[in-house]
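These notes concern the structure reproduced below.
By written order: A, B, C and D. Residues from 1 in each chain.
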Amino acid sequence: MNIIDVLIEQSPALIIAIPLLGAFLMPLVSRINSTVRNIFGLLVLCLTGFFVGILASDVLANGPRLYIFGAKDLAVPMVRILFEVDSMSIFMALITMVLAFITLIYSWSFMKDHDGLDKYYTLVLLLITSTLGMELTGDIFNFFVFLEISCIASCALIAFWISEGEALEAAFKYIVVSAIGALFVLFAIGLLYAQYNALNIATLANVLKYTFLDKIILVLLLVVLGMKAGLVPMHMWLPDSYGRAPPSVTLIIMGATLASFYGVLRVIFTLYGNVLSTTMRFSIPLNVLVGWILITLAIISIIVGVAMALVQSDFMRLIGFSAVAEVGYMFLAIGAGIAALGTPYATTALQGGILHLLNDALDIGLLFLVAGAVYYITKKRSLDDISGLARNMKYTTVFFVIGLLAVVGMPPLNGFASKFLIYESVYQLNPILSIVAILCSILMLAVFVKVFYAVFMGPELPAFKNVTEAPRSMLLAMGVVAALMIFIGLFPNLVIDALVKPAADALLNHAQYIGTVVGGV
Amino acid sequence: MDVLGLSELLVRIILGTLGLATFGIIFGLFYIGIDRKLSAHMQGRIGPPFRQPFRDVAKLFTKENIIPDHAIPWIFNLSPLIGLIATISILLYLPLGGFPPLFASGGDLIVILYLLIIPSLALVIGGFSSGSPYAIIGAQREMATMIAYEFPLAVLIITVAWNLLQKGITNVFSFSTIAAAPVWNQVAGPLGFIGFAILLFVLLLVTPAELSKIPFDSPEAETELAGGLLVEYSGRNLAMYYLTDGVKTVVMASIIVALFFPYNLSPFIGLGSYTGIIIDVLFYLLKVFLVILFSVTLIRVSIARLKIDQIVYTYWIPLTLASLVGLILVMWDQNIVQWFS
Amino acid sequence: MIEYIPFIAVVTMIFIGLYAVLFRRNLIKIVIGISIIESGVNLFLITLGYREGGVAPIFTSLPPGTTYPAGMVLPVPQALTLTSIVIGVAVLALMLSLVMHIYRKYGTLDVRKIRRLKE
Amino acid sequence: MFSLESGSGFWNPILWIFIFFIAFLLFYGIRGFGKSAYKKDTDQTKAFLSGNEESSAEEMHVKASNLYWGFTTSMKTVYTELRKMHTGNASDYVLWFVIILAFLFLIIGVM
């Protein structure tokens, strides 16, 4: 057994352990000086990224991988904590790592002038840990624990600019909804344990019967995770907190949001995978019902998100509302995929949704980075107070244009590739779905053209005559995201074949996920 | 792909782009000339000669290309160019003159729907970047108009594709599929026919807004905004917008022809080879002319300009409802016929 | 009937907590409401693991005559509850400190007045 | 290989980029034939305001919140409702959550 095999075998635990350890070492390291602290943070992420990378190459080649804490094999599977990593989890972990790297590089310049940065980086690493934990774990109680950690870390980060009352308000609203949501998840976990005497997802999925209690559990998990992912009408915390958190960390808070979205996928496709085709009253199968519930909420999300974004005047809050709409697109694709499970276009819709997850993280992320750069330079949030920055901030303008075109799905950028797949699959379920999706992407264009005008064009106000370009590390972070977006836009097939297809197959093939644990007993 | 195939593809791309750009510009300007002449006659004027648009463009190239003080030069200069190029690129995906599209497997209806946004977007961004209050008001009106007409347009495109899908056809968004199975042949009964007739009517009314013609030209509104988003443009930049307008006219008319009248004359009268091709091309040009006559010329001489909120209302309430009715009729079409048979 | 009482208590506590969160205006009372929901959920978990006449699930020094494992209460729910209590304390502390700071900035604890972020 | 196929249509970004690039070269060349000179720093480069005096930059600035007047006006009823929905009250956030929870309990419970 060579060293790489050992590393791969241990990597699920190390992916969690390294950033967690790094988080708690951070205050100590920060005492030396800021350069060492920055390098230490990068080092921790590089190490984590390395393990995610080798784990990804292994999982994509050889199928799901199991890690059992505290034992070599599965003697008593229900009492061990399991990490089960399949292509979907590793896809999410890769996205999280990309967002984490960009956050870190961006933070170097962006947060330079603030104090309390040791706590800031500790929280950032903690949030990354918890997001990765939610994505890799195979144990539902473990999922709850990481959900709570991410909730605490995000809340503290949202309130990081504690001198602003609004940041505190946003953080309080966030923690109220997430704490209540998390408690309902715990309640659902209790119900699951009461019925099946097990806590790991694969074992539960194997024995799940779809009793009356299981219906309650399904609703609780769907609604809570949907709320954490930002579905309308439970989205109101999202623009508040995205708009008030430091823009540098919005990316990883978004990573945690996407992890909740992943939770929805895991619950529906894996936990309820065996019972999805159960026929209920009026001979409606469960998958159709759940699919249409998600589609309805998704359509409302898209419309409300875009419509509200159109009238916002706060730059970051506006992006927050458009993030709600983007989440709606993902839920639309996934909902159509569930409702039409088994047809060829369901697979296309699912792939479109999963690709859109990656694109959403990059597009909205880039826009937040640009918003952060604008805030860093002008110290203004309202679109009404900013004007004519394109004259002095050329690179930022170019990055914003790329983000704008991508987020509305203009060819040939990445947003178009995923929206193309979504439009051309969901119309087969019902034509109205594609119509609304296309229409709202045009509205999204109007939203961001307004921002483009307000921030970068328009007359040169005297207050901004002497503004300079954003610092180099911020430009580097934006450039990396923009390059990734252009790459995905030009070669969507490469990304779909390498990452998205395996992830969609892993979701559809829940028997393999279950078999990895249950077969091993 | 081998070297030979690759080089052939390259030659096709280069020659196709050059050839279709020439075609689009010449016929675009020509149709604008016809439109101006005809509308002048309808209003009891003599009107300019047919070749007036060519002269206009030639003259604009010799004029000074003024960049205003408040403008952001690089955006101001780039946007007319991008708009024109994007419009030209649509031509390569469209069936023109009775021929199949040059790159049928390179882009479909959804791609074209999005590429059609780019010229309008270029206008908007150019208007915003020129820094004149008139242009800014015009640009935001253009954006609102774009939102407005995109709703019925989306309904129409999805309906056409969905109807084909119900007949078990694959690649329904592709133009070669649509040309092979014209919509009128795909209806089962009168309901479907009425549905598609409504959709055709809606599309004919979307066209003037897409081309910023009266009554939907409030972004340019010479009388109140002094030319709106083009107010600061001059010289070769304005010539680019002029050309874009011409090419876009051909593009929109060709889309209507391809979606609703993809028929050729040669199979009917049984002419082969070159004569057949010439007849088809002439017939296609005639169809394009008729579409422009009905959706641009006749409408713009008979109706006065609408206010911007009236434009949004017109498209979002009456026309969207009409197109949704069309969609529902097409959806019911099959069922009704089955009930009665 | 008597064995259902804990479950009734659980549901009652969750509803009392939700009532406080939804209809009380004071931020502290909202926090208390969340705390009550949390106690309700914890009570639920503990109740799940209860066995009549069971002893604590500790292997060493079991009372003589205890059957294993039927004579012990379930250990897993207890572990879950402990974890959940620890997390709950952290969330509670964070919420209370936020409330404190909000009072400094806004000068009020009325939830209806703490809404600068709206629309 | 580069063409994205959805089963209902195609999209080939590389091809489009090629077309775009060639058309760009062509029209950039054609544009080069046009006259590029103009008289800098004269009245020619002032914004056209129908003969009115030009005001300061702040006053000429059309603010972002004033854009899309036509759209928001014709959608006024929708926006009033949406604004009413976003109260910003933390209790209402939880209320929406409970409403959706109850609603889905009803739907999935009945089915």
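Some notes on this structure:
The criterion applied here is as follows: contacts are C-beta pairs under 8 Å (C-beta built on N, C-alpha and C of every residue); 3 or more make two chains touch, one makes a residue touch a chain.
Remember, predicted model here, so these are calculated numbers, not experimental data.
Of the two chain pairs considered here, C-D and A-C, the higher C-beta contact count falls to A-C. Chain centres here are Cα means. That of chain C falls 46 Å from that of chain D.
Distance between chain A and chain C, defined via averaged C-alpha coordinates, is recorded as 28 Å. With centres defined as mean CA coordinates, chain D is found 21 Å away from chain B. Here the spacing of chain A and chain D, counted between their Cα centres, is 24 Å. Residues of chain D in contact with two or more other chains: 1, 3, 7-9, 11, 16, 60, 62, 67-68, 71, 75, 86, 88, 90, 94. Shown for chain B are the residues in touch with two or more other chains, namely 70, 108, 110-111, 131, 136, 140, 143-144, 147, 161, 165, 173. Across the assembly, chain A contributes 172-173, 176, 180, 240, 308, 311, 411, 416, 420, 424, 427-428, 446, 450, 453, 458-460 as residues in contact with two or more other chains. By the document's touch criterion, interfaces exist between A-B, A-C, A-D, B-D, C-D.
Looking at the complex, you find that chain A touches chain B at residues 388, 390-391, 394, 409-411, 416, 420, 423-424, 427-428, 431, 434-435, 438-439, 442-443, 445-446, 449-450, 452-453, 456-460. Across the complex, chain D is touched by residues 172-173, 176-177, 180-181, 184, 212, 215-216, 218-220, 222-223, 226-227, 233-234, 236-237, 240, 280-282, 284, 289, 293, 297, 304, 307-308, 310-311, 313, 344-345, 348, 352, 383-384, 387, 411-412, 416-417, 420-421, 424-425, 427-428, 446, 450-451, 453-454, 458-462, 489-493, 496 of chain A.
Across the interface of their complex, chain D is touched by residues 1, 10, 13-14, 16-18, 21, 60-70, 81, 84-86, 88-89, 92, 103, 105-111, 130-134, 136-137, 140-141, 143-144, 147-148, 161, 165, 170-174, 226, 231-232, 235-236, 239-240, 307-313, 316 of chain B. Contact residues on chain C toward chain D in their complex (touch as defined above): 18, 21-25, 30, 111-112, 114-119. By the touch criterion stated above, chain D contacts chain B in their complex at residues 1, 3, 7-12, 15-16, 18-20, 22-24, 26-28, 31, 33-39, 44-50, 60, 62, 67-71, 73-75.
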